[in-house]
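Both complexes below contain subunit A, partnered by subunit B and then by subunit C.
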Partner chain A sequence: MFYRRAGIRHTRYQDERQLFPLGFDRGLIIAVLAILLAAPFLFDRLYVSGYLLPWLIWTSAALGLNLLMGWSGQIHLGYGAVMGIGAYGSVHLVRLGVPLEIAMIAGGLLSATIGTMFGGAALRMKGIYLAMATLAMQYVVDFVISHSTVISGGSLATLQVPPVSFLGIPLQGEVPTYYLALGVCFVITLFMLNVRRTSFGRALAALREKDYAAQILGISTFRYKLLAFWVSSFIGGVVGSVLAVTYLRAISPDQFHIELSIQILAMIIVGGLGSVLGPFFGTALILFAPILLNNLLGFTAGKFGWSLPIDLRAHLPLMAYGALVIGFLLYEPLGLAKIYANFRNYLLVWPFRHAQR
Partner chain B sequence: MDWILLAELSTNGVFVGLMYALVSLGIVLIYKTSGTANLAQGAIAMTGGYVTWALATLVGVPIWLAIPAALVIMFGFGLLMERIALRRMIGQPVIMTIMLTLGVEIMLRGILPGVFGAAVKRLDIGMPQQPLFVGELLLNRATMIGGSISLLLILLSLFFFNSRFGVVMRAVADDQTASWSVGIRVERAIAVAWGLAAVSATAAGVLWGSTQGVDWSLSLLLIKALAIAILGGLDSIPGVLIAGVIVGVAESLATGVLDPLVGGGSRDVVAAVIILVTLLLKPHGLFGRHHIERV
Partner chain C sequence: MSLDRRSFIAGSAALAAPLVLPVQVFAQEKIVRFTLPQDFTRIYTFVTSEYNQGQRDYFTLVNDRGGVGGYKIVADITDHANDLPRAIEAYERGKREGAVLIDPLSTPVARALVPRALEDKINMITAYSGRSDAADGSAFPYVLPLSINYWTQAGLIIEQFKKTEKGSLKGKKIVFVHIDTPFGKEPLPILNVLAKKEGYELAAFPYTPPGNDQSAIWPQVRRARPDFVIFWGAGVGQTVALTEAIRNGLPMDRVSGSVWLSESDMDVVGREAAKGVMKVEPCVGGREPKVIKDILADVVGKGKGAGPENKVGTGYYNYGVQMATLMVEGVRKAAEKAPNGPVTGPWLNEGLRSITNFTADGLLPPTTITKDDHQGGGMGRIARWDGAKFVPITDWYSANQDVVWEEIRKNSEEFKKSGK
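Up next is the complex of A and B:
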């Protein structure tokens, strides 16, 4: 319908190699990008800093984890710890007077270095053993962060982020922080879109399908597993520092606990493993479904005069996460991205049921 | 170093470890029969505790009846969970089953405190709380009884594996295709394994609930149970016993010896360190079969 084509017929190789071969997709993406760019002037401040900003940050993190879980097929249950390492590393550097641009990269490198050690476990084991190892790493990193006064200043202390500026623009108020998060998210998305067209991305896909086969084809599993962990942890570290600087502004160890890891995992599963679009949808659903549900429940309860116990409403987010994860795994394992793709494929050839391939 | 303190800590640790091992038994049972890691085991233990509490307090059933009733209900819950969720995951990548059980864990952790209230529930099953003095040792009587009951239940499960149905389950654990081809109902064996895992988790939930109260923190037993299962080798029941004792003693000693040095909280990290060390040095654990694929 909107796409105005029946079947995919490219006449030049160049057309097929494009990132978005269809004109409608290009237009849609430009429109979304324009709305996101104009958001601070279009929407209320509360919506920008309370909804759009976390959405962008968590999406960036989910994209980083998706590189590892969706594309190279390695399980990682400790991504929150990786983000925590980046956050603490960069905040400490900023406090020492290092400019934010360098501190972000350094936080990423620190995360990448430590995160690759998680990957060291992946060289020896896979499947549930890797899941257990990364889960254990999450606890160990939590323990080290919260118990070394040098890093966190004690288990109950929070670390303030001093006023910082990015490329000469002071990060104060909603607008500059929003644009920083948007910029980081844009760069990561662009990287993720393009990485699957490179030899690195294809090597990761081969690794995911069968590691022996990949090794036989001449893809070094040693190298690419470590690289996958390195890249993904680097993204995690950078996103962690963005999270600390733009959203949290004061970090404490409990913000990077296992709950964060599980939240990001749920975003990927709900959004769709191995897709770029998926984390955007998944993050939106996981972040906002509990809020919507809570408001809806509060509204209906108010209307019908029920008195809902406060515990029920406090635990609603957990129930919603769990139900979403279970529901998607059972009924649409490829997540919201697949639902969107089905819809798009249907509209692609709309008056007809099928297209000639 | 104070020897009395060390002896006291390790004796208490042995019994606490046996109580952890009861949670771990379910993980091992399920891994043995179906090769699935059950990350919901901690939350199932919590559910068992809540169900028992609800039967005893809300329904008003006497406690000696509430516990068996809860065990039966949770057996059904395990069967149901396998039938509705896990069976559809057969043949899917391992990431899916892990996430599915994690999803169940998250949901249970939301539903039960949400419905019954998040405050700690007291579950009195008539265990004496006052400590026991043996010579100069000060022992926790509740964990001693709990540990002994756990030991008994785990030994019982060893006997179960020699019964007719236990042999069926051993066959399924050994080779699913081969047991299918000789007429064993593999699905039923896996379902029963889930049911029994839920039962053992419930027993552990009741024992833990009676010592520390029933609330969401019972689901934190998961990480200790995983440590025990990994150290014991994931598919060995004697391994669970021995690893349980090791983890319990290590944790107890860490609390007594390390905590003054690092400022508390080392109890929670011991299990994680044990998992890491086991996986790096001897991934098939102490008694596990050497079938881990090395890449």
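Up next is the complex of A and C:
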């Protein structure tokens, strides 16, 4: 009914192989993209810079981590540090007068280099042991940044981002910054959608399932494990610099602590490991559920004249948020992306309840 | 799990529910809106609760007495959990609803909001948090600490030590135990400069954050045989530091903290054992000041208190009242200058930056905010814990401001250079 699958006959290989074979999906994506493109003119500034901008940035980061954790199955607990390296690298370069376009890439390369060095641990370790190694990376990087005043920026440990421009457009106000984040997120999403169709993506999937089986099949685990860390850290570094330039505007060491790593980890687990759509949903839930629940409770309390003690008033939304996350994962352990897939499968055959596969 | 019809409908209804909830509409009267997103749940927790309770009680007092300069104060309170996306959302929401002042009470949040507040011309209060160089009003017109920063606090403590030693610290040894974060290291430049000037020897001992285990550091402090000890931290690290200091037999009357020490900390450490320890007081503690008495009589007494009554008059509660009196005084001054508004950030900014010799009936040291000095004069006093309460041992005084302002200017110049 909605998807109109009947009568679709692919007569060429490229039709069959396109990213979204169903017309309805293509239409949906174009509609979402159009809304995102027009957002600064449609919505209030509150929603653009308070919701959409962080959503795009955090989603980009979650996509980068998902490549490593969801695709190649290598656990990483220090992704916040990876982003921090990119942010500090690029902001320092920008302060030295390097154009932002180059500084972003350089920040990514710096993250990729350091990230790969720590990723080398993955050659010998797996699972929970690798988690510990990457956790160590988080703390080592935190320590180095906050203890070298040259990096962290003086006794106040705050590094201001100077006014920058991207491709000749000054990044001032919420509109250009939003479009930069949107552009980066778009490129990363496109990359992630395509990566699973490449030999690289398939090699990562083979690694994830069983690394020595992959080695027997002729996939160099050495090469692809490091490559997975390289690519993922590169994305992390670039997103880190986007985060610094468009959102934080002044960086300090505590912004890239373990909390950020865990937050992004939670986004991909709640959203769905190994899915492209998942991080979008996961980020929205993790970032905005506390805010919305807080506002909802504040609104309801105001409406009905409840006088809640402030501590309870502040903690109730967090309890509801925790329950929400657990509830979603109990309902569908494969994440929000799978819930969407179920929903889509339901509509694919609607009004019938089942279709023969 | 596959989807059946019932859960499909239930899910759709749950998703659609927030969309049909009505949008809150505010009555149009003469109000000044403040937004107070603070961290009630992650790091500052009980500090925020007490601070915020003081602020709200004072606003209730002012509003019940008919407001200030014809304006009522509206304060929106939310929890930002020290999380930047949440804080920035709260800031943007506050701005949209017409708030002209924000008080985030969090250093990371204040840092991220500085460029935004300067751009949007919204007054940001950064009491005991944020950038210390925001005291330089010429570089940060819309960032107002309105209170003594950490550099000034360090300067005050050293001055008090000097007085204890009858005017000279030559050859003395001062140990600085601090949490190993930028916040903990902040006073170091001042202490170093003063070490050269006063001739004392400075030894710094950092402990790893969050500071719930400092047992390795304090025996070293004891072995260093210090004449004086300054400990610098916040939250859990403070009580652990004090406990360890007591356990290692350091003379408590030669130990001092910053403003971050309160009655609640003393309950954890043991009221009797901590006797003698000093702290910096930026405003009067206890229930003696007239403002606190008024709150007890007219707000708490009438059942309108914002929190538990036994917190009224504690250290952080009074800090909250202190900041609230300054904000309200800013509104009064602004209303004097332009009675009919319009209520905007610049309107309030004019008022806040013309506060002169304000003491809130004896709650604060004489505070004067000017367009250059957002610190308010740099006055504070030292108080000593006597086992039941903090007793002031000095009058309001200001010290070493030349050194402090050198550091402030150095950093604010750097900020200006980055082109904002």
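Quick notes on this structure:
Everything that follows uses one rule, which is that the second predicted complex is superposed on the first by the 312 of 357 C-alpha atoms of A that agree within 3 Å, B and C clash if a C-alpha of one lies under 4 Å from a C-alpha of the other, contacts with A are read in each partner's own complex, and residues count from 1 in each chain.
The rule we apply is simple: contacts are C-beta pairs under 8 Å (C-beta built on N, C-alpha and C of every residue); 3 or more make two chains touch, one makes a residue touch a chain.
Source: prediction; values computed, not measured.
Of the two partner chains placed by the overlay, only subunit B lies in contact with A:Val325; subunit C stays clear of it.
Once chain A of one complex is fitted onto chain A of the other, the partner contacts of A:Asn345 are limited to subunit C, with no touch recorded for subunit B.
By the touch criterion defined above, A:Leu292 lies against subunit C but remains apart from subunit B after alignment on the C-alpha atoms of chain A.
By the document's definition of touching, of the two partners only subunit B reaches A:Asp211; subunit C does not. By the touch criterion defined above, A:Ala314 lies against subunit B and subunit C together after alignment on the C-alpha atoms of chain A. Judged by the touch definition given at the top, the superposed model places A:Val140 against subunit B, while subunit C stays out of reach. According to the touch criterion, the shared surface of subunit A, contacted by subunit B in one complex and subunit C in the other, consists of residues 146, 155, 309, 311, 314-315, 317-318. Those residues of subunit A whose C-beta lies close enough to touch subunit C in the complex are 44-46, 49-51, 54, 58, 95, 146, 152, 154-158, 160-163, 247-250, 252-255, 259, 287, 290-292, 294-296, 298-299, 302-303, 309-311, 313-315, 317-318, 331-332, 342-343, 345-346, 353.
Here subunit B touches subunit A in the complex through residues 37, 39, 85, 88-89, 92-96, 98-100, 102-111, 113-115, 117-119, 223, 226-227, 230, 262-266, 268-269, 271-273, 275-276, 279-280, 283, 292-295, going by the rule given at the top.
On the side of subunit A, the complex with subunit B involves touching residues 69, 73, 75, 121, 123-129, 131-133, 135-140, 142-143, 146-147, 155, 211-212, 221, 262, 265-266, 269, 273, 309, 311-312, 314-326, 329-330, 333. Interface residues of subunit C, counted against subunit A in their complex, comprise 1-5, 8, 11, 18, 21, 24, 40-41, 49, 52-53, 77-79, 81, 83-86, 88-93, 95-96, 108, 111-112, 114-116, 131-133, 180-182, 185-186, 188-189, 306-307, 407, 411, 414-415, 418-420.
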